[in-house]
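Heads up, there are several structures right after this.
You will see subunit A twice below: alongside subunit B first, and alongside subunit C after that.
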Partner chain A sequence: MANTEHGVSIEINEEEIDQICEEFGNREGAVVQILQTIQEKYGYVPAEVLERVGEDLGIPHSKMFGVLTFYSQFYQEPRGKFILKVCVGTACHVRGAGLLVDKIKENLHIEAGENTEDMLFTLEPVACLGSCALAPMAMVNGNTYGKLSADKMVELINQFQEEGSGSDEEPVPAS
Partner chain B sequence: MVKVTINGKEVEVESGTTILHAAEKAGFPIPTFCYNPRMDPAGSCRICAVELEDSKRTVMGCITAVSDGMKVLTESAKVHDARKTNLELLLLHHPMDCPVCDCGGECPLQNMSFSYGASDSRFESHRNDEPEDMKSDVLVFNSNRCILCGKCVRICDEIQDVHAIGFINRGFDTIIGPPLGKKLDCEFCGDCLEVCPTGAITDRFVRYQFRPWQMEKTETTCTACGSGCRMLVDTESEAIVRISSKEGLGPNEGSICVVGRFGFNYVQNKERLDKVYFKKAQRLVPGKWPEIMPKIADRLKGIVAGGSGRVAGLLSSRVPLEDAFLFQRFIRQTLRSNFIDSGARRGLMNMALPLAQATGTLRPLVDHKDIEAANVIVVLGGDPAAESNITGLAIKKAVRKNKADLYLVHGHDVSISTRSKEVIRALPGAEADFVRILRKALASGGTLDIAAKDGLVRMGASPEGVERLISDLKAAKRVVFVTGRRFHDSETGLEASEELVRLLVDQGWISSEGCGLFPLTELGNDMGVLMMGGTSEWLPGLLDVSNAENRKVWETHWGTSLEVSGGGIREILSGIESGKIKALITLGENPFEYIPDAGHLRETLSKLELLVVIDHRQSEIADIAHFLLPSATAFERGGHVVSAEGFVQPIVPSMAYWGESLPEAEIILQLSRQMGSSLPFEDFSAITAEIFRIFPDLSPSTRNASHFQGGTGEIVLALTKAQPPHKAHRESVVARVGEWMKSSPSASTDPAAILPIPEEGFVLQLSKSINHSGTFTIHDASLMTIEGEGLLRVPRQWARKRKLKKGSCVRVRSAHGDVSLPIDPVAGLSDREVHFPVHFADERIQALFGKGFSWNSRSGVPSSQSITVTLEPVL
Partner chain C sequence: MLTETVEEMAAGLFRDVTIPTIHIGMATCGLAAGARSILELVEKELQKRGLEARIVPTGCIGMCHNEPLVDITMPGKYRVSYRNVKALIIPQIFDAHFVKGDFAKKYAVCQIPVGGHTPYEGLPLMHETNFFKGQVKIVSSRCGLIDPSSIEDYIATNGYKALRKMLTSMTPEMVIEEMTKSGIRGRGGGGFPTGLKWKLTRQSPGDEKYVVCNADEGDPGAFMDRSILEGDPHSVLEGMLAAAYSIGNSKKGYIYCRAEYPLAIKRLRKAIDDAKERNFLGDNILGTDFSFDITIKEGAGAYVCGEETALLASLMGERGMPWPKPPFPAQKGVWGKPTVINNVETLGNVGHILLGGGDWYASYGSEKTKGTKTFALTGSIKNSGLIEVPAGTPLRSIVFDIGGGMLEKKIPFKAAQLGGPSGGCIPTSGLDTPVDFENVVAAGAIMGSGGIVIMDEASCIVDTAKFFLKFTQDESCGECTPCRVGSKIMLDILTRITEGQGQEGDLDELIRLSMYVKSNSLCGLGAAAPNPVLSTIRYFREEFEAHIRDKHCPGTVCANLIKYVVIEEDCTTCGLCEPVCPTGSVTWDKGEVAHINLETCIRCKACVDACKFRAII
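Right, the complex of A and B next:
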């Protein structure tokens, strides 16, 4: 089964979905964990997968969709390879987080919440990430980058761009 | 029992009762939005707040159980304040667009705001201004007006068990709708529309076309199927605007199916017959009643003068008791013939014959409440949700609420398959053998011998599944068998029904309370028409016509002698063929719908000297009539019908007769007067009075309205008048059934009746769709919007392999012809079967079945059709 709805083609293996559900004993109560596992795998929760998980767990599709949309952690659409989570909390804000966001928008031609056309980046301004000492800071795929500036941000993006087209290795986080 | 004091008044209630119910008992109704007596309480709207006098706390009445000595205030200043504040919170986002909202005028939110003076909110917030979800052709979702009480989601989950809609998003952004932002795809019962306490869900068919206070409401009974739903017909200037319901109303307790709720437009369709027509130079031309009736009467008189048994009558099983009673008397007494039959033969006769003989009644031993309370439910050859929707709800409730074990024994999956513990596939034609194997195994301690296993495998059923069924049956206290259309119409339907009754007797399920047999009736008055003598074998009261003593009863009463020889549709057709029957009167019945080979049927009917068709619409038989008389529908006339549960309920007119149409009984009365006959009925009400006088147990009855409070806060009063029982009298049944067991030994059937599974190709069968009823609904604009064409249901796996989608065309070829049809790939069909909705089975489809046609040799029931076909994608 191929998902081509968003311009990307992801092969979804139904047996694999069944296997994930099985790992959690097909328990109705494990639905959030199952969706998390699936999101880790695909980067988002494709519609067809949602239906399949519902069938496996015996949860109606309408309820599955309710769970999916209830939690902001779940995404219904594919996301970029690098998720640029730029902190716009109070501390980062006063130290110029807005400039970082503007720079990204300008450079990558995307708005908040959007993906770049090459599906490499997703811009996601977030509230406080709890590292105010490093303000302004950003988090990319789980790694923290502190004391940023607009220029450093551009550098970082360039670095990711190289990575993205090349190997899967991520740049060393700035300390 | 605990004692509670509500507003100073002491009442005693069962422990565990909610404050809401206790207050109701004390005479202090509490307002509600999200409460519904049929569903689990949610406590989400907070409007039922009440004060506990001792602790001064406010609690929610619908979810708080009373405790002994509790003192509750339902109308204190604190309660008032709490409710007002809660209302303000509910009105936070709610747009004040009542002037353009369809719900305005019958809106509980509006009424409550009016009562509590909360016309606006103190809290500052933005009004939601989301566009309405107009994707569905049936319902419009307006999230701005929604107060998130969740009633729609709960009724879809808990009552309908369809789960079509749910909560989406979180917090302020929460909306209600179908998943993934898709178009609503469900059974379209409209229950969500009914329970919505605001205008968040509205009816797209009549959007902006009415104001509630300008409509008149008429409570009547739906005649589409045997569920006997009570419903409200909302009319404006004698035109039907919509059909609604009321919580707790009737046997359906407020739920109505798609056909009942949306299928009424055919009665005000411009194409409906509004004039009398007669044949002149091979064409039907309009005439006038006063000129036409004497002509028909004269020709009938001429034919009857030639001898008895020269006229035949066919009668729809949707007509009320009165019309059936009058029609059969007209045929038997005035026209001196016992060639009479009704559509009930197809739907019920195979089951009705053994039931009447063995139990003396057609009334069921169990009703929906017994189904809900059953431990094991076995559905044999039927699709309850499609054939008798409310019975389907009872079955779903039994599974969901009471954890009943549901077994479906059927050729293919139907909507209740997903709720069943096991689907045992048994091919059409194998019903009798299946029941015989089951009976034998149960009688011999529950083991299947080798021959039984072989038999099961041959009919496509899994022996392991049957073994599980047997062990569940042995452990169960309350067992209910539900039989459907496929079971009744099968070639061996009569033998299967007989064997099933024997099985129930064997196992003592005839005598144990809560156990029994529930035949689904597909048309509104199947049972009533049989009780009134609407077929050749029975005089009114299910009296066997071949018994002289029985005949004497009615001969004395009517002062006439009665014909014995006669017959049903099989004998009528051969009588016409041989020239013995010269005239045929049809009353809403059209044999073209179930007799294949229209050409041959047309040729047979052309031999008639006189064909009088009484119907409300054009049809194949109407086209060849000598006289075509327009009849009024159930929305324009009165009468009584008997539901599958045995309730005798009135139908009440809500609009004037369409054009020059008249009720069937009125037409027959006029005709008999013209013929100088002595049918002693002044008018319609005299027939009703006569029926209730002769059959006191047929007096009107309905499900006791024990639900005291409706979804709109209206009080639904419990019925106070004693009602005659609707179920069969168990003691009388038990007293009688032993005699029948002795006199009716198990007859063997030919296992060859089972249509073999073709090695290549498919078995094509006609089946009922949930969205249609008979063929009248294909003249209904609303139902045609929901399902507008006959799609051939093919196995999903087969379509996927060929990359065929819904709507792709395939050529269907049988030995008798071929036709190109659009497909609908569905899950749950075996690799070798395809289905086509019977409602759309026109001559092209019927032609596939050829001339071959089978009748049950003993009951004369035409069997449902199936034939081997091949499919070939059309590119």
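Right, the complex of A and C next:
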């Protein structure tokens, strides 16, 4: 089946979903991991997929939806190529993380949790990434950037913009 | 103590090494500071000079403020640590070591003793530096010293020795006895005696029991567990093995780790694979009847899952909602079976306790809190990083000796926030508080999992209280009304106060609601949510009142209450402030004092940051 909601078309293979569920033994206890595996594959959890997983595991859709929406790291919509996770934990807050978030909003014209129109960026303020000594910091697709300032943030965005429009290669993950 | 452990461990690491070794700090903090490109540069420099050396990635030694850190150990010499390493200084460091047979004085922080090797002259030893002087490293002793992805390094530093000792010469009761003697209490913040927890789980009837490691470190401003997982993952596995052995009938353990820690998860995976290969994990461990396996479960982003019953619910694929206790996990945990849940730091200590003995561990610390505690020291402080000190160390010595005092000399200390969203602020008058479970609670905060955020006079206490309450309010799972609704009303009041809409009676209402939410919430998250508000009202009532009555924010943080002015005497008429203003509200002419138009000013603080003379407040 093809999913065309949110203006993005992705192919969903039902057999593949069944296979993923089977890998985890169709166990109810593995719901979170199954959804994580699916999200890794599609970038988010499409509505039909959630239904299919529920059917495979014999879990009512209401409960599936409950689990999906409880955790902040599950997404019901596609997300940008570069996820700008800006830490707004205590140490970063004290050292001006709010200014970074404002700068991104201003530059990319998006609010927290939104994607840019070209689907290049998603802004996601997160609570503490655990590198407080390098506050304020951000994590983009697994890479960490410390001691940021509003200007450095703009530089980073420009850099990603170039990378993103240049090729389809995934950025190199941290370590 | 610091020297002995480190020296002995380091001796093991370099036993059969005949070529130079270069350690590079590659924990999340190191990577964020650019350690990856430093590693590439070091490789290139070696190639260029045709030199042979081992490059070893390591975890976090605690000096996060000095990242990227590079250590060089020449054969037979002590290990020299270099701080804030940049591209330009790498050739100088290489010249010093490889050409002159010396060290680069300008960039070196200290030298780490290696048993059997000789020291350099004119460079302080690690334990002589202010940062390490007051520290006792037990659970963090390997962090930053070893290659965390190498099981050989772990074994060379006494790793899995406790497991061997336990399986060959100790009964489960003896293990529990040793843990009880050590006096260690849950390092995740709960403070429940670990020995007793294991004993209760052992006594719980059941032929199937579980061990769970709580690695869902979610307090903003806390990264002790991340450092241990990234720097010494095997120590956590060894602790879990001891827990499984002592509770009996346990073949399976889980590590529940938050997904925001990708590197920690990667290191754990590797550690588990390597341990299985060597039969430290799996069936018939080291030829005995004891079998145990560990699976990693990644969290999916929910702070409340750090609460043990919510964690168990999440582990079983449910919404991470806490359940009322009893039943305690020791009676009914994973899949309804007796379960031990311990925090990363608690488990990381176990191997050391079993090797050194409970009495040895209990010789550190204060009367009721034995041993050491790690803290993540951050905020407006000079030396931010990960530290480990004996419980009961006065807050003052943590901030001013180890921490090196305030980040900006001119701005004095205002408060230390301990325990994150469940904790509170301790003001200047409480600086002599011994940091252990009981004394910190008496001072109005909690020791918690170990986050210490230092605030200076330029920060706003009301804003901080609001920040933490917003955090818990966002993360409230919604199950019980006091937490879900109570925290929301409190947040609304605090938001009003910071926006200049505070009213008389707001503080009394906040206190009333706090007491209600505290006593009626279902789990620890709700019960502790009002703590940041209560402790700040207790110590900083005037600052709240300044916001409410005078519509004034003394820390100049709350945007609606700020009126920026240029202090004429301090203004050097340099004009740096003018071009940075996004709304053109700053006017300045050559040789004239700048002026700010408050009508159009959006309080972005750009001019304040641009002014090098602190003439705008």
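Note that in this section the second predicted complex is superposed on the first by the 167 of 175 C-alpha atoms of A that agree within 3 Å, B and C clash if a C-alpha of one lies under 4 Å from a C-alpha of the other, contacts with A are read in each partner's own complex, and residues count from 1 in each chain.
In the analysis below, contacts are C-beta pairs under 8 Å (C-beta built on N, C-alpha and C of every residue); 3 or more make two chains touch, one makes a residue touch a chain.
Bear in mind the structure is a predicted one, so any value in this text is a computation, not a measurement.
With both structures placed on the common chain, the touch criterion links A:142 to subunit C but leaves subunit B unconnected. When the two complexes are overlaid on their common chain A, residue A:65 makes contact with subunit B while staying clear of subunit C.
Taking subunit B and subunit C in turn and counting the residues of subunit A each one touches, the greater count comes from C. Of the two partner chains placed by the overlay, neither subunit B nor subunit C lies in contact with A:165. For the contact definition in use here, the residues of subunit A common to its subunit B contact set and its subunit C contact set are 66, 70-72. Listed in rising order, the residues of subunit A touching subunit B in the complex are 47, 50, 60-66, 69-72. Across the complex, subunit A is touched by residues 153, 156-157, 163-170, 178-180 of subunit B.
Interface residues of subunit C facing subunit A in the complex, by the touch rule stated above, are 26, 28-29, 31-33, 36, 57, 64-65, 67, 217-223, 226, 259-263, 266, 297-303, 314-321, 335, 376, 378-380, 384-385, 417, 420, 451, 453, 455, 459, 464, 467-468, 471, 474-475, 477, 604-605. Of all residues in subunit A, only 27-33, 35-36, 66-67, 70-74, 88-91, 93-95, 99, 126-135, 137, 142-147, 173-175 touch subunit C in the complex they form.
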